[in-house]
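In the two complexes below, subunit A is the common chain; its partner is subunit B in one and subunit C in the other.
On to the complex of A and B.
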């Protein structure tokens, strides 16, 4: 049976300070849940930069090539028509569609990559840790397996950093 | 905190030597290239516009961020303020056009017997042209002076009323500039080809103004930082300026392309002549401008770290500044000089001459006041800013 500590905060400044102290004492933080994006929290937690932009760039580049290639094939090879006396292969006319498809590919790829990586998406189980974190509470979740001394130590730190409420919970 | 920028003798000498090199190049050009008077006036107009745009950007930047209640720019605002001090010089230089109108603007000649130009004569006539010019400069110089004065009095007093007054001035400038940025681009640039028109032209010129202004801003910050000033400007501020440069380069390309595509698509001879002249007469320059102003900054500033590295950012800004200069060159030169247009010694020389003078005026103005303003309600936010 695994258990964990969840500490509730009412203020983001307190939360950031508590995270800083916990990181300094090398206490493993499993997760931090906040009702809105908190500035600087990535840096304090030492999170790596997201790879999502790279996904966006690669998918966008594929979109560019796909849209441009497809239009070239359609208008030049497969079904050449004369439109307004323009040449079959006329780049300016292809640009708007290429641009839109690039944006479409990049956006969809990033959304799906995000859903995949964070295990969300269709059929994902709804796991709300506590309803208050969707409203006005900030939560730090810390593994509490080891022993009572460890637990008391963590609890003491959290209390000192003005944690509003500290609970010991068990994984279901 | 109360440090002033000190314009050292050495820096002054560098600016002076840039101008002297410019004068030498111009002299050489007169000796060997025999530029016609059209080319000389084209250079006056080109550099007037280019440096006017940089200094207008200074006022625009302050006004834009003031009315948007922005916090991050406050610790930087002395630099755009200094940029805007070039406006009176710009005005004086621009009124030199009185002597060069006939060389620059075909419509300024009498008895052309040209029904299209006669149809536009209610707007394009000499007295009205200079009245408009006087109105523009009165508005711009007046409001930029008041904005600077407001910021100076805010330094001395903790009164909140200066913040409110500044916002009113900023709003007035934005409303005035919204109209005049379009009309100035018709007057000075579009009327070079009096038969041609494009409804998108005002935006296109305006966005070029913004991009080149941001690039100049970044370069001045890089220069000051290299000399050991501006400790309070951190990577977050650079990141935002980098985003401006990146985003507006894309927007510049967007407007460029949609102006081009609609004209290409509808294929009306009066409209296509503008691009035909530029694309067939100057193919290398035509595509170089697109690479320098869009493709290069787009690829070079795509990642987060590239926007936060001041050396890299300054390098991209320098490339964009050159690109924007070439862009104005290509808007003016083929219209004024036709096929004989080429970039010779006189172009480089006069750009150097203006550059040295511009840098001297701006950095001299910057050294007159402390680099960090005081009492702005958003100042503290600017220090703790995070993108």
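On to the complex of A and C.
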């Protein structure tokens, strides 16, 4: 039976210190759940930078090329029409729409990438560990094993860093 | 962390994280009062009146409006520009103030963004109805058709289609992504099964995992980065509807910055109108403090002064240009048959915000509320003045004309006011009006307890 330890904190500074020590002791942290983004926590946990900006840039670039290309094609190749004596290929007039479409593509791509990568979305069935997490509890979830000594060791660290509550739960 | 000793706390009353959640969730969990029901009844009645007038317009045709051959744009376009402008404050608060790391935005960004979305919805209705045959509105999109034609990509009116729809969609994404963690909070608080299910569905399965937060923050930052130029582009493009024409009074290069400043000016006025009341009714005075009101009033005076300078510049340039038609357009604007509209605009937009130089007035709620209404009216008249006075003196004196709206046009405007306030009233009952998760991040650096300790 696999089980995990969840340690509850009431203050993000205690949480950060506890994570630091656990990381130093090479104890595997499965997840950390917080009610709001805690500053610097990703560095302490050694999380990789998010690639969302790259997604946004690529999608934005596609939007730029698509919008500019489409306007050019429609006005120069497909149906060249004289409107007020203006040139068919009028770059300045194409800029506003190109910009808007760039923003639209980048925004949608980033949001979808975020939802897809985080497995969030309508009807997503993610496990809610504790209802207090979205209120005022910060939780570290640590992989546990049969070894009692290991559990006691982890518990000692957590208690020293003022963990409010420590629970041993089983994976469902 | 260093905290300036003269800076006021952003959150009053030594709040703990749990108290913050409770205070902000309270208006959703409690029963709405009589005032809410009354407000909703009035707003919905106004909305249905507007809907009836819209129906009448579609049935009878645009001839039921007060427009004529000389004055082809009246209340409809005035209201469109007014509503788009109001929307701009929300994006300014959520995007530009985020990039400038203004912590006070966390108390007001959620409601301001909601306001943005409702305002754009109202704005979008006007061009749609103004077409006369809204069922053919899809003609504005470049879709392959049997006529082999494309829309006119050189026309600012088409740029507007793209700008407004992009603006609505991006604002919606930005707002909803920010809401997800807070909907999660609501999901974990409500007890009824149905509510839990609905909030659970809407929360997208939010868990609060660090990796999600890390991505969420990156997402917010980049969305803010692209929403900031977007908001500037939207009103610039709206102003191009006028500026690229050759009508004296419209044909000026000052329009884009002048319109953007005006938009933020009027948007903040609307935010203040809503929040001065909301904070009182929902007992959020500890979160939307006098310091917040003062900060917004400072933005009002800054943007209001930009608008004032723009009015003066227009007058000066029309004289300095030496172009007879320009000179006449502006002289006629100030002294012609619509002088009263010009006078209302000048009084409300240029003179009255200057009173905010007094700190006492900046922090006076009653004064702020009244002033915000003044600015809302003044900015409406600005658009009315630009549109109607520039058009009513045509090139040929034989085509000179006057314009007054019919009950149908007035009714549609009242209807959008009804739609806007109905949406806002429903919003405050369903979603947290303050970003709960975001405000918790500033409580340690800008809460009352911490700032006090720091100064001792």
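The criterion applied here is as follows: the second predicted complex is superposed on the first by the 168 of 172 C-alpha atoms of A that agree within 3 Å, B and C clash if a C-alpha of one lies under 4 Å from a C-alpha of the other, contacts with A are read in each partner's own complex, and residues count from 1 in each chain.
The definition used in the following text is that contacts are C-beta pairs under 8 Å (C-beta built on N, C-alpha and C of every residue); 3 or more make two chains touch, one makes a residue touch a chain.
The structure displayed is predicted, hence computed values, not measured ones.
Enquirer: Where does A:93 make contact in the superposed view: on subunit B (first), on subunit C (second), on both, or on neither?
Expert: Touch status of A:93: both partners.
Enquirer: Using the superposition described at the top, determine whether subunit B or subunit C touches more residues of subunit A.
Expert: If we count touched residues of subunit A for both partners, the winner is C.
Enquirer: Could you look at A:84 and tell me whether it touches subunit B, subunit C, both or neither (first, second, both, neither)?
Expert: both
Enquirer: Between subunit B (first) and subunit C (second), which, if any, makes contact with A:39: first, second, both or neither?
Expert: A:39: touches subunit B and subunit C.
Enquirer: Per the contact definition in the header, classify A:9: touching subunit B only (first), subunit C only (second), both, or neither.
Expert: Neither partner.
Enquirer: Find the residues of subunit A that appear in the contact set with subunit B and again in the contact set with subunit C.
Expert: After superposing on chain A, subunit A residues 39, 53, 84, 93, 96 contact both subunit B and subunit C.
Enquirer: Sort out for me which residues of subunit A touch subunit C in the complex.
Expert: Answer in residue numbers: 31-39, 41-42, 45, 47, 50, 52-53, 56, 60, 70-71, 74-75, 78-79, 83-84, 86, 90, 93-94, 96-97, 99-101, 103-104, 106-108, 110-111, 114-115, 117-129, 131-136.
Enquirer: Under the definition above, what is the set of subunit B residues touching subunit A in their complex?
Expert: My answer: residues 257, 260-261, 264-265, 267, 302-304, 386.
Enquirer: Contact residues on subunit A for subunit B in the complex?
Expert: Those in contact with subunit B are residues 39-40, 49, 53, 57, 84-85, 92-93, 95-96.
Enquirer: What does subunit C use to touch subunit A in their complex?
Expert: Touch list, subunit C to subunit A: 16-18, 21, 142, 148-150, 152-156, 158-159, 162-163, 166, 169-170, 173-174, 177, 180-181, 184-185, 187-189, 201, 204-219, 222-223, 226-227, 229-230, 233, 237, 240, 437-438, 440-441.
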